[in-house]
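As structure tokens, here come the structures.
Both of the next two complexes hold chain A, though its partner changes from chain B to chain C.
So, the complex of A and B:
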């Protein structure tokens, strides 16, 4: 019975998920920029993040955090303070929770740390980043790094991220997949997508 | 109030339910487990063990298991010191979970969470928790709770099935509350028994019995710092109130004769660099006040002060309220001056100095970072700062 209910809930959730085909070619992100993808992807928005996948989000995903403003979290759902009961806050009973926020004066190391801390919250698993180095995003000086974690499902995953701070906003593109197969299979496609990023107004 | 037909149907349902159980037994006054014990395959206890054997299989090969030899050797040795003849029946696993907890399953699987190890200042404090868990195992508390829960649920189901009339809803709710409170009280009695037995086991093994209350004092202080003072609920709390546990453990420790020789303390050597990775996991949880209390305590007690100062700096830098950057910088500087500074502390100073436009000072610390960590995987980025890009 529990299995049946779980399956029904899963089907219901899948039915609600507005996946849309992203055909190979140019893809525009309103107000932020565009990329060129060599292959088709499936797109759905999660919170403020554009997410792409080929075989399913648990197998591989490409995520676009575009235009994160000063003082904001990487995703709205990570802003725990916004969910505090205002009455409790008024009486000084603030829960012992802080959000990890982007600040426009952050250095590359601090942004990588913001990313791993945020991802650790999302995955509920320790996320470890390595290999921070200078890189280019859409013609702007930025950074890239690799990351890895073992999720609650006990599957090892690897990822890479490329980012830059432009006009006080953070632009971060990352790709993650199962370490055993999916990461390597489409890494080159993901690298080409990240390398093709063009900021809006630069066409 | 109860019709004859409803009573008969309820009785049949209850008997039908009983028929599906394996051979069971009493929920209280069970004999202690014997060394090398295996349950009767037809018993409900065997079913419980079978389920937990499967959990243990997963735990054994889990990527979340910490396989570091020194800490695994230490906890295995401690379990054997504490459990004596039961040593071959108990199998400890160190698991990377940043929370204060340890468990002992009835089949002998002991899980020790990394958040517990981080909070133990001495081997005696860890022995206090392991002794408590072994106490649960010896007294077969899980089996007792399983049977007690089943007895109460069966009774409540039978009782509720018979209820009719306008007051039925109210009485049904009341019976659920009473059932829950009974289960919680039963569990709290087990915790008290495991506390007393754990203290006896660890003191007999040569550990300092005062450590049992000390570790709970740490947790109480963290709870208070996090605004969660004494979370006790008569109906739901499966453990006694922390204050009660501290008082009881202090009293039991006072009754013990003085130790003949100092307690062993191999914990800090065995944890080594793992402690810093546990600190990193801790700050990722986003609990500012609680974590600040923990790290400040570690610094004060001289438990890896270099690591604790660095991560306290990270905690403040991440929060980034007015004045936090200065506190972070102070902690990074203090970490740099300890006997075993983390390389990242030099980088932390460099990063903040760089942001403040103190370029030369920043570069000095970046150079020190590379001297301490010449193979750092972010070397290219650091060299970019040094080259003036």
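So, the complex of A and C:
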């Protein structure tokens, strides 16, 4: 419960942060790489994640989880153990669940499961993934899959994710939008962004 | 809620509420050809809940059914009064091909409306890529509605209302007696949109700011809420 509250507080705090413009063109992610976007987006960071949107995160959103290290969660806020109150640990209490963490030896299937488990926690709705297949991310052999869920607001959403494990770190880019409209409207733009990813130092 | 508690709550909400509604439109009047534009009135998406002493809200089905009836009546009366041309939505059979799409339009409208509230009405929170334009859409799926009812625009209404349980009212009273500790009561909030059924664009939007007033369990109070919601709607 404490973990859920802290996750909600984090998302609430993120909700107060205004978006900033990402103009069409090259966008650099410090230390990780860069992408090219054909259109303007709006950007704000949440935790360790870069998030982009056009109409608001509940309508469509593109997320960049870049350089997740071995043993880490997709977002810091998903780390149940580190967010657990040390006083409770002192009294012998332990969290009632464990974090879903990336491990460098995970198979692509396991990474997809890590993703759906993490996203289910964030969205508070069951996220289902399908269509896992090989794909390229920044010139590295990786994988991609589609996913879907019905949010708490009863709106169906679709998404796709492209990822790769490079030098023992996970790089994952995904795009999600309302199934009825927003996903399809900018899917091609999102695909172009993901396809343009270049790892840092490879220019 | 007791009169005194309402007064305190009203002061507390004053900063939040300001005026009751805030509207935004892209057109002042609906374009007219030979015939007046026809508005398809969607069933109101409404939910009434009870606010417990602990602060959680529990949906009350009986109140919700009553409020839905009242809101349909009040909307119909309002549109008749302003002499708008309208038709009420009739849901297709569950196995109709368009049933799922039409079912999704209601929650999509609510989510688009919440995004408009979050990212348009507060200038400092606007999405910079929109360049201050009011540009929001439900997408081309709304054309299914046009074919469904031979209409030009659709009116979507979303309302959430909650009322303090007796235990909550007692808690408010005790808190007030114990030095004026503010304990909030039920809150009414809502939004509505007029959507162009050719494009899906929202051409008019109005939001009822959160307020500790109104009682949609009663028809007369629902009429007042409806007047706020549909205030200055183009026709």
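Here, the second predicted complex is superposed on the first by the 184 of 203 C-alpha atoms of A that agree within 3 Å, B and C clash if a C-alpha of one lies under 4 Å from a C-alpha of the other, contacts with A are read in each partner's own complex, and residues count from 1 in each chain.
As a working rule, a residue touches a chain if its C-beta (ideal position, glycine included) is under 8 Å from a C-beta of that chain, and two chains touch if they have at least 3 such contacts.
Everything numeric here is computed off the predicted structure, so don't read it as measured data.
Undergrad: Between chain B and chain C, whom does A:108 touch in the aligned arrangement: first, second, both, or neither?
TA: In the superposition, A:108 touches chain B alone.
Undergrad: Given the touch rule stated above, what does A:134 touch, chain B (first), chain C (second), both, or neither?
TA: In the superposition, A:134 touches chain B alone.
Undergrad: Identify the partner contact of A:59: answer first if only chain B is touched, second if only chain C is, both if each is, neither if none is.
TA: Touch partner of A:59: chain C, not chain B.
Undergrad: Would you check which partner chain A:100 touches, where first means chain B only, second means chain C only, and both and neither mean what they say?
TA: first
Undergrad: In the superposed arrangement, does A:86 touch chain B (first), chain C (second), both or neither?
TA: In the superposition, A:86 contacts neither chain B nor chain C.
Undergrad: Contact-wise, after the overlay, does A:201 reach chain B, chain C, both or neither (first, second, both, neither)?
TA: It touches nothing on chain B or chain C.
Undergrad: First (chain B), second (chain C), both or neither: which does A:40 touch?
TA: second
Undergrad: Name the chain, either chain B or chain C, that contacts more residues of chain A.
TA: The larger set of chain A residues in touch belongs to B.
Undergrad: Can A:156 be said to touch chain B (first), chain C (second), both, or neither?
TA: The answer is both, since A:156 touches chain B and chain C.
Undergrad: In the superposed view, which residues of chain A touch chain B and also chain C?
TA: 154, 156
Undergrad: Can you check the complex and tell me which residues of chain A touch chain B?
TA: Contact set of chain A toward chain B: 80, 93-101, 103, 105, 107-110, 113-114, 116-117, 120-121, 125-126, 130-134, 143, 145, 150, 154, 156.
Undergrad: Can you check the complex and tell me which residues of chain A touch chain C?
TA: That would be residues 15, 18-22, 39-42, 53-56, 58-59, 151, 153-156, 178-182, 185 of chain A.
Undergrad: For a test of understanding, state which residues of chain C touch chain A in their complex under the given definition.
TA: 101, 104-105, 107-108, 110-112, 114-115, 118-119, 124-125, 127-129, 136-141, 200
Undergrad: Across the complex, what residues on chain B touch chain A?
TA: 58, 62-64, 96, 98, 225-228, 277, 280-281, 283-284, 286-290, 314, 317-320, 347, 351, 354-355, 377-378, 380-381, 384, 389
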